[in-house]
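I've put the structures underneath this note.
Both complexes shown next keep subunit A, but they swap its partner, so subunit B is in the first and subunit C is in the second.
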Partner chain A sequence: MFLAKLALKNLTRHKRRVLITASIIALGMAMFLIYDSIQTGLNELSFANIINLETGHIQVVDKEYWEQREKLPLKNLIAQSENLSSVIKEIPYFKAATPQLKFSANLNNGIDQLPVLACGIDSMTYSQVFTTKDYIIEGSMFNQGKQETILGKKLANLMDLKVGDYLTLIFKTKTNTFNTIDLKITGLLQTNNPKINENLVYLPLSLAQQSLNLEGKITGMTIRLKEDGVAQQVSEDLNQSLASLDNKLAAHSWRASAGEVIAMSKAETAEKLTIMSLILLMAAVGIVNTIILSSLERTKEIGMMKALGLKENEIIFIFMVEAMGIGLIGAILGSLLGSLVILYFNLYGINLTALLGGVGDWGLPVMGRLYGYWNLSAFIFVIAFGVIISLLSSILPARWVARKDPIEAMYGIHN
Partner chain B sequence: MSLLKLQGVKKIYQQGRVEVEALRGIDLEIEAGEFTSIGGPSGSGKTTLLNMIGCLHRPTIGQIIFDGDEIEKLPKEELAMLRRHNLGFIFQDYNLIPVLTVYENVELALRLLGDVEKKEIKERVVNILKSVGLGDYINRKPNELSGGQKQRVSIARALVKEPKLVLADEPTANLDSKTSEDVLEVMLEMNQKLTTTFIFSTHDPQVMEYAKRLLTLKDGKIIEDRKNS
Partner chain C sequence: MSRFKILLVTLLTSLVLLSNLAFAMTAEEIMNQVDEYHHLKSAKVESEMIITKGNRKLVKKMSSLIKGSKLGMTEFTNPRDRGSKFLKRGDDLWMFFPDAEDIVKISGHMLEQGMMGSDFSYKDMMESAKLTDLYDFKILGEKEYQGRSCYLIEGIKKEGKDASYYRRVDWVDKERYVPLKEELYAQSGRLLKIMETKKVDKIDGRWFATHQVIDNKLKRGTETEYRVNSIEFDADIPDNSFSLRNLRR
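Take a look at the complex of A and B:
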């Protein structure tokens, strides 16, 4: 205990040097915490956007349709049935379910034409599963059964359309013949998901079914659960129930549709590890440098300690505690600095729309304001990491110090 | 039985390709309670001899028996324990730890013993500091003390654990003559009061006169060993 006290007092010998070493560690730690906060915030926002605006928690579709879903085929659709609705309603954590009929179309404003994704929805149940309605910034949701539509403001701007204007959707029906629908725009959306803002046109489900010659057919049922974390387990349970109803049907959790985002998240974890390795290197170099300088300055003292009867392990212990102290100061300073920046991001966020200038979407379904995420485990990790790395990097120089011949140490002979 | 016995001790250092014979066969016996000085010109081997006696170096040839233990046979860790429990060192440069107070510098030697109660540590540290005239300086840091006061702290640190032998390498070399006399008086007083054995090196004849036994070294050999009347 006395030796630990001595080691901690030694930190006061060269306050400026200790502070500089600790500051280097602190800077690295703060960078890591800020990066982690933004990355976690970005992931959470991406996942929330996928669930709230694209996939819900679980989608029930035909197995063959699922394989081809990116091509938006009008084959392998499922029938809206009471039996299916009953099975879905019986799953645990069930909150709501809504049918969708997705198809590809061309949007025509009378002058230009653009390929879009059209989505027939039941506006009543859709609002219980998705939060899309909350992002209507002009006008309102269309009325079921009427030839009305809502679409992204960005798409509307691109096609020079506004609320009250008419647009035409041109598409192929089930029988491969062309058909068109004229729709009155009742609302414009600006969501946090760039895909929706730029590419989606919503219309009443019954109108879509009728126009595609697909009465009673849907591409899938989307389910909202009461909790986020149970989607995977519930979709597995639902698959078992569906097997007895129709073995062509399959349930997929939102994660199955978010493969790209999850892959990006994993890539970001690799980036995080790279940053951590750099911090590790910075901390280790700083600590090794400090310990070597300290030992060179204190060789006579080390000789005296050996003369007093201190064992090599006890001298190593003193230097290791000193290094741990520097690491701890660095980690605490880094945590404080990181907390201040994260607090700012947490309160005010980063305006991604302004940052990206509407150019792209980073490959993630995020727009709007990104808020920093408090990740307590990252703070605990950083403090533990700072202390452990400092301790580990001090072992070799401390051993070098402790093994000095007491006479050579006392007379200041350096080998 | 004598406290310390050296038989045919030689120490040869390798300096590059040259072998330097610092001690050329020392035979010496020291009894408990002695107050012995080692004199001689620079390079005569005084410090090397003290380092051998202090178990900081092993002899190249010969045998050193301290309190019945042949020190060249003891492993490094046991030598450290022998120094911790039985030897006190007083250095020319004091070698106090600057971040510790006077009290803590002295306390360190006792703390290392491990088996002394906290209350007893306090009692012994305060008593020894009073004995060396530093009772009023216990909370000072070394940089707030004069050279003589620092050396007194060094003496207190060496004596607080009541070692069998105290070794002092030129303890007055950095002090003026008045302070040197004070420091030697303290060492002598401690020798008489605690019957601690002292061996100190010096090349100052005035300092040498304090010793009860005078050894003179030249070229790594004892050329004179006499009692001081």
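Take a look at the complex of A and C:
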């Protein structure tokens, strides 16, 4: 106890030095915490964007279609049926389900054309599954059964189109024959998902089916659950009940479509760990430096203590406690600093759209306002690591000091 | 006298009927003849494509080898695209760009895009089936076009067949069996493209369109002209000219 008290007293002897070392650690810790918070926020935002705007929680499609889905084939579609709907409604946490028919088309404004992804939707059930409707910034959703459309504002700007204008979709039917649909624009979207803003044209499902000569056919059913975390489990259950209905059908949770984003967030975790280790290295150098300096100053004192009967281990202990103290001060300061910044991000967020000037394609489907996340485990992690690294890096210099011969130390001979 | 009259009338009517029977071709026969003239068993073609986009004009010169409807190799010879090549083998299309030194297979939706920025899609280039296999033709009437009398023939896609255009209307020169004008429609009835033949030449005993203009009705201010500068029918081309190895060379 006496030794610990002595160590703590030593901490207050050189306040400025302790503070400088601690603040280096604090800065590193704060950087890590802020980085972690933003990255978690970014992941949450992109996951939410995928679920709310692209995939829902679970998609039911044909197995062969799933393999080819990037190519948007018009083969291996599924039939809209009562049986399927009732099987889907049986699943736990069920909230809503909606049919979709996706196909590739060229968007034509009479002057130019651009390849787009066209999506036939049932506007009633669609807004129960997706939040797309909330992002209509001009006009309104189209009426089912009319030749109307909504699309991303960015895409519309690019093609010089506005609400009330007509556009033409040119595409090939199942038998590779050109067909066109003229659609009146009733609304423009600005979502948090750049893919949708730049690439998607929505139209009534029945119209899409009719023009593609695919009556009663859909690409798949998209399901919304009442809770976020259960999609994986529920989709496995659903797969079992689908097997008895039609063994060609398969359910996929949103994670299967978000592979890219998940892989990216994994890469970011690796990045985060690299940054963390650099910060810790910095902290370790600071600690070693502080311990060596204070031991050099105190060689005479140490010699005296040894002469009075203090053991080597006890001297090492004193220095270790001192180092731990510096680490703890640093970690606490860092957490405070980090908390302040995270608090700001958490309350006010960062407007990514403004930040990126709308260019924003980082490969992640993110746009809109990014909010920092509180990650308690990250705080515990940095404090624990700060203390442990300080402790470990103090051992060697402390041993070096403690091993000095007391007489030489008292005479002030350094070697 | 009246007897003679009756005889004359009978003779004349039967003559008209007979001549109709002897000379009137069905729409299908006409289109078969068109296909016959258009189809190249094997040929070496030097041609050029003039692409107009607003104020810009691009000229692409090409030298092509064609064998039947399945094999084709085209090399661009104008300075800007020199060395770029296309190879068609059956339903596959490959491209080679000398700058990238790489072979790219064109598939899926890429096939719908305009070839080298023209109004011809890659798919147009690939279509090789006989028109009469894909469409049910019927004669709508006869019309003058460019001072020549033409059959006006309408083709509607046969149920279940893979054809790009749902409906096509052809002005087929009655003597030369070359379409002088062609309108291509989507299933919705929308006019997509108009092709006009500006010049027809008789080469080695067959009539061949050597200057055509394609107008894409969905894009304003673009037009593609196609001119055949020289053509050698029934050229002797070995099959191995159409290999991927040759594409890279």
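A few remarks follow.
Definition applied: the second predicted complex is superposed on the first by the 414 of 415 C-alpha atoms of A that agree within 3 Å, B and C clash if a C-alpha of one lies under 4 Å from a C-alpha of the other, contacts with A are read in each partner's own complex, and residues count from 1 in each chain.
Criterion: a residue touches a chain if its C-beta (ideal position, glycine included) is under 8 Å from a C-beta of that chain, and two chains touch if they have at least 3 such contacts.
Remember, predicted model here, so these are calculated numbers, not experimental data.
Per the definitions stated earlier, placing subunit B and subunit C onto a shared subunit A by superposition produces no clash, and the two fit side by side.
Of the two partner chains placed by superposition, only subunit B is touched by A:Leu310; subunit C is not.
Contacts of A:Ile111 after superposition on the shared chain: subunit C is touched, whereas subunit B is not. With the two structures brought together on chain A, the opening angle seen from the C-alpha centre of subunit A toward subunit B and subunit C is 150°, to the nearest 10.
Judged by the touch definition given at the top, the superposed model places A:Arg13 against subunit B, while subunit C stays out of reach. By the touch criterion defined above, A:Thr177 reaches subunit C but does not reach subunit B. In the superposition on chain A, contact is made by A:Lys71 with subunit C only, not with subunit B. Here the smallest spacing between CA atoms of subunit B and those of subunit C, following superposition, is 72 Å.
Those residues of subunit A whose C-beta lies close enough to touch subunit C in the complex are 71-72, 104, 106, 108, 110-113, 115, 168, 170, 172-173, 175-182, 211, 213. On the subunit A side of its complex with subunit B, the touching residues are 2-3, 6, 9-10, 12-13, 300-301, 303-304, 306-312, 405-407, 410. Contact residues on subunit C toward subunit A in their complex (touch as defined above): 108-109, 112-113, 157, 160-166, 186-188, 190, 192, 218-221. For subunit B in complex with subunit A, the touching residues are 51, 54, 56-57, 76-77, 80-85, 87, 89, 91, 93, 95, 97-100, 104, 107-109, 111-112, 157.
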